[in-house]
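Structure below; questions to follow.
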Amino acid sequence: GGDDGSSEGTGAGSKSFAAGSTMERLNKAQAIKIGTKFDQPGFGQKGLSGKPEGFDVEVAKIIVKELGIPEDKIEWVEAPSKVREDVIVNGTVDLVAATYTINDKRKERIAFAGPYYEAGQNIMVKKDDTAITGPDSFKDGTKKVCSVTGSTPAETIKQYVKDVATQLVLFDTYDKCRDALKGGQVDAVTTDNVILLGYIAKDEASFKLAGDNFTKEPYGIGVKKEDTDFRNFINDTLEKAFNDGSWKKAWDDTAGKFGAELGAAPTVNRY
Amino acid sequence: MNDVTTGEPLIVLDSVNKWFGPLHVLDDVSLSVGRGEVVVVIGPSGSGKSTLCRTINRLEPINSGTITFDGQPLPAEGKALAKLRSEVGMVFQSFNLFAHKTILENVTLGPVKVRKEKPAAVRERALALLDRVGIANQADKFPAQLSGGQQQRAAIARALAMQPKAMLFDEPTSALDPEMVGEVLEVMTSLASEGMTMVVVTHEMGFARHAANRVIFMADGQLVEDAPPAEFFANPRSARAKDFLSKILTH
Amino acid sequence: MSRQTSVLYDVPGPRQRRITLVSSVAATLLLLVGAYFLIYRPLDDKGQFSMELWGPLIDPSNENFSQVWDRLGLGLKNTLIAAVLAIVSSLVVGTLLAVLRIQLKSLTRRRFVGFATPLAYLLRGLSVLLSAVTRVCVEVFRGLPVVITIFFVARGFPEFGVSFDTLWYLVIGLTIYNSVVIGEILRSGMEGLPGGQAEAAAAIGLSPLQSTRMILLPQAFRIMLPALISQLVVVLKDTSLGFIISYEETLNIGKQVIGVLENPIQVYVVIAVLFIAVNYSLSKLAQYVQHRLSRGRKTAGTPAQNPPPAALMSQAEGAGGPI
Amino acid sequence: MNVLIDKFDVFAGGFWLTLQICLLAAIGALLLGAVVAVLRISPVPPLRAVGTAYVNIFRNMPLTVVMFFAAFGLPALGSNADFLRLPGLDAVFNRLGTDLPYFRFALIALVLYTAAFVCEALRSGVNAVPPGQAEAARSLGLTFSQNLRHVVLPQSWKASVVPLGSVIIAMIKNSALAGFFGVVGDLAQTADQLTSAEGFAFVPVAIGISIGYLIMTVPLGALLDRIEKRQAVAR
Amino acid sequence: MNDVTTGEPLIVLDSVNKWFGPLHVLDDVSLSVGRGEVVVVIGPSGSGKSTLCRTINRLEPINSGTITFDGQPLPAEGKALAKLRSEVGMVFQSFNLFAHKTILENVTLGPVKVRKEKPAAVRERALALLDRVGIANQADKFPAQLSGGQQQRAAIARALAMQPKAMLFDEPTSALDPEMVGEVLEVMTSLASEGMTMVVVTHEMGFARHAANRVIFMADGQLVEDAPPAEFFANPRSARAKDFLSKILTH
């Protein structure tokens, strides 16, 4: 994790931002609320320490540091997939970093900085399962698959299953899907490969991926739709992090341990 | 038997009717009670005695007829009704002491909260009243800690604390163990002899004989007889009263 | 218990005692065998008794022990905070509601003699309307699952631009439901008091509001204390619904711990034990209070011994009530 | 308000599924609750202890925890609750268009939890029979079982109806939790699905879902009120 | 007053003691009741009268001492106890009619279920009994539809239907309205005159005077006096009995 949290460069007024901007408000307040996952190993998981850990968390910390706010002033808010837009729109949090795929439908309500990583949807099955080899394996209508309400993979997989009612189980968090797979209630879990890899790394004896990624899931930082300044600031910060190695370090300390590739730094999409 | 002061009567019921649904509980009842008079109401169960008693302070509203108290028709509701009630003391069969207040608090509550009198003065008076009914030493206990007879005497003191113009008693002794009936009747007899206007529903024929000015016999909601006690007990006019007396006096 | 048994059974004689003893021994054996084969064996086969799974929860020398209990302690604290806030606000709102409904009941019967005719009609109309509105609110909020109420609060408030910490959504959701229940408990407590109490109050000239405030409410509180404590149990249990809106109460934190340690059975067992311990003590407290009340030191003997049927019902509903 | 019309079939389906869950759970809870009640008033101490322990455990534990046990504990033990796939029942599960085990898990949790309250409602019925009734029966020379059959049970049953009804109402409301534990398509999950995932306006969805629950709880509550009033008058 | 048949007594209590927790409710009570004898038990509230009565058919077990009925010690349990109870009729203060059965069913239940008699024959006898207590026309009503006096008479008929050797009455008239006391006492008096062995707890001094062979006065769990009624009322020996009588007889 970020052990250099509260060193130089933090404290109220330690940085100067344009008057009236979100950055200035946050810096003045010396407090920030960030939505992330609490149950996804490698990206955002609240462990025994009571602090969330993972790649999303580290990326968020880089942004917070750039805002001049010490790390211990962050209030982490659990943001399950289905509420991410809501918490941004309602102002419950200042930003969301939560394996958050950038797409146009979501852009109608919020705005994305980034991407800072590109994942792809995949399928996790039991280690000894040879029947499921990819999304097409669901087409015959027998295999059950689990995903999470309000996620892109849940929508995507609907195109592959024969009967949504009998084949698709939706929970509010992925750990429930993982338990259901482990218990045999479902035959597969589908979501982004990196999320699945996190679970596999914790229990290699039980799970494996079935086949290759079949979508592209570029992860962005969610902010208020109209807050272009803040979005630009985050994009700048991300670019800086891509270049100064802190991005790579964040990865290596977290999700990188689970065997996924970081790849080259993506190009942020300014719009 | 006490002397009845003359002048205009204190309580007047004129052609009072009351129904509970289809049940005609008070059937054209007319009655007047003079100042200082003690009227005992008897009759079989369900004949409307309690209802009669309760209409006088409007715990039961009536369907037709008029009731006047001290020259004024009974007010229908609100402050005026509360004031009337504070002038008519009522004693219930089941005592109905406020269970969460001590005996003394029970007695002082009315004067302090309704009449807005000074607590200290009321306390004095309350203690004197409790002494009069013989339970001064129980002032700080709660009702549940007292015997039935003591509770009923406390209830009488509570009613008296409002310095009422009249007192209504609805079977004040019939919830008591037999050993305790005497002590309550004693208090009531002394009240009667001091000139309090009283309407008493009771089955205690001894009290009716010795303390009442008039006995009223009710049956099926009607006021069947109204006579001085000596006359009534010696020579009831109606068959029903005869029958009732024979049942109640034999054993 | 002993009283209840004595109603159905005679005091056992020597033969009956022998029969009871023999069947007790037989039943105990049967239960032990059953427990071994149906519970212990399957669990053991799955390795559910291993120290690897239990250690973090019960072994102080385990590396994770202190962290796990720090987290669970925080969860308990949050559970209690939510429960206390919810019960206090429910009590306040519930009391107001009960008084309002009782007052409205006597108001709707008033004819407002002495006011100008149009005003009298207006006042009567108003009191009828108000009493209908409160009635509907009570029926609706009592008839909805608390989960749904909490969910609606957490979703609905932000929709209208009002947003709080999740704690407050939970507290508001619980309060909406429980204040209605507590209001009804108190109301039925007041209505279940011997009619003589209100009559005696009226007979000395107290106004309806004075009578409610000084005579009925204090007694209803005392008589309904056991029911109110049971409602506290309900509220405590209901705080666990906080997990659906990501409030970090005990169960939610348990889930996070499970996410790391992968020992669901063990963590749920520990959490269940915690809840049972707290709630069982509260139930015992309620029983004790009930017992003291029925021995009738400072309260009307009759109502405490025989709580009105309505009171019993809301007690049943309360305790059986939403989770 | 369009959601209410456009998605009427979704609301209706949610209502229907919730109703089915409730019916099945009610039957199960009544049966199990009766068994526990018999244990609780049995003269054999160990059986009584088991009954008492059952009630104390399930009454003092949040249903949420019971649900977690059923939905995530049972699978951890390798069970899919297949023992519930009884011939008749199985048809019901399949007719619902899903043979996922979550329906069964939710059912198990609801039944286990509600049975504790059913037991207490039945017991309160027995306690509501005035002791004098049983005493009069005994002093006529009726034996324990005659007493139970001819005097106590016929009367306790009447006294149990209202508390049992309250327990069932509570259970209907509790069934909403099933939607958060993998049961897809009941009223609660429909609320979540329509607002969170499909982004419909909140207010109409809330109204639709509320009506769904109120249709089940309010009339039942009114019925109980009437029975209770009638019993109070009869007394 | 009826003649008492001689021979061995029907009910014998010998040094009976009973505690309720720390409370010594029956304190070394010895008593024997001969066949055909009518014994009235009086005493202040809480003195143990009901408890005494209830030990005789073992509704209350005792802590020490012995009770014999018809020469046999009371059985402790099971069929023998049920049989004993079927031979001792009991009438309660609160009637305790089976609320869900008609009056006739109340009366026939015991003979049919306990004695296994033929329903038709029992019905005959039950109707005759109901006629005897004066409520034959109420046979098909439910208890709640009857007045208190009628209910108590039905309860007596129910007990008599078992053709008991003795009858126990625990304050059979004290839950009744005064007009109804007479009708129940009448039935009891006629029973007494027919030679039924009876133990009666009551406050009705008239009944004690006219129908009892012996009056027993209890106080604080002790049997304080045991004398023929004439003697007892004229000249109570103990101060407590005097005090009790003075309270109960004055009003």
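As written, the chains take the letters A, B, C, D and E, and residue 1 is the first residue of each chain.
Note that in this section a residue touches a chain if its C-beta (ideal position, glycine included) is under 8 Å from a C-beta of that chain, and two chains touch if they have at least 3 such contacts.
It should be emphasised that the depicted structure is a prediction, and the values quoted were computed from it without experimental measurement.
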item: For chain B and chain C, chains touching each; value: E
item: Minimum number of chain-to-chain touching steps separating chain A from chain D; value: 1
item: Selected pair, greater C-beta contact count between C-D and C-E; value: C-D
item: Central chain (distance from its CA mean to the mean of all protein CA atoms); value: C
item: CA centroid of chain B to CA centroid of chain E, Å; value: 36
item: Chain centre separation in whole Å, for chain D relative to chain C (CA means); value: 17
item: Centre-to-centre distance between chain E and chain D (centres being mean Cα positions), rounded to whole Å; value: 47
item: Centre distance in Å when chain A and chain B are each reduced to the mean of their C-alpha atoms; value: 81
item: In chain A, residues with contacts to at least two other chains; value: 83, 86, 172, 179
item: Residues within chain D bordering two or more other chains; value: 72, 76, 78, 135, 138, 180, 192, 196
item: Residues of chain C touching at least two other chains; value: 10, 12, 16, 155, 159, 244, 264
item: Pairwise chain contacts, counting only pairs that touch as defined; value: A-C, A-D, B-C, B-E, C-D, C-E, D-E
item: Of all residues in chain C, those that touch chain B in their complex; value: 110-111, 113-114, 194, 196-197, 199-207, 210, 214-215, 218-219, 222, 296-301, 303
item: Touching residues (chain side chain B, partner chain C) in the complex; value: 57, 59, 76-80, 82-83, 85-86, 88-90, 92, 94-100, 109-110, 113-115, 142-145, 155, 158-159, 162
item: Touch list for chain B against partner chain E, complex; value: 44-45, 174, 177-182, 185, 203-204, 206-207, 244, 247-248, 250-251
item: Residues of chain C defined as touching chain D within the complex; value: 4-10, 12, 16, 20, 23-24, 27-28, 31, 42-43, 46, 48, 139-140, 142-148, 151-152, 155-156, 159, 233, 237-238, 240-241, 243-244, 251, 264-265, 268, 271-272, 275-276, 278-280, 283, 309-310, 312-313, 316-317, 319-323
item: Residues on chain A engaged by chain D in the complex (per definition of touch); value: 82-83, 86, 144, 149-150, 154, 163, 165-166, 168-172, 176, 179-180, 182-186
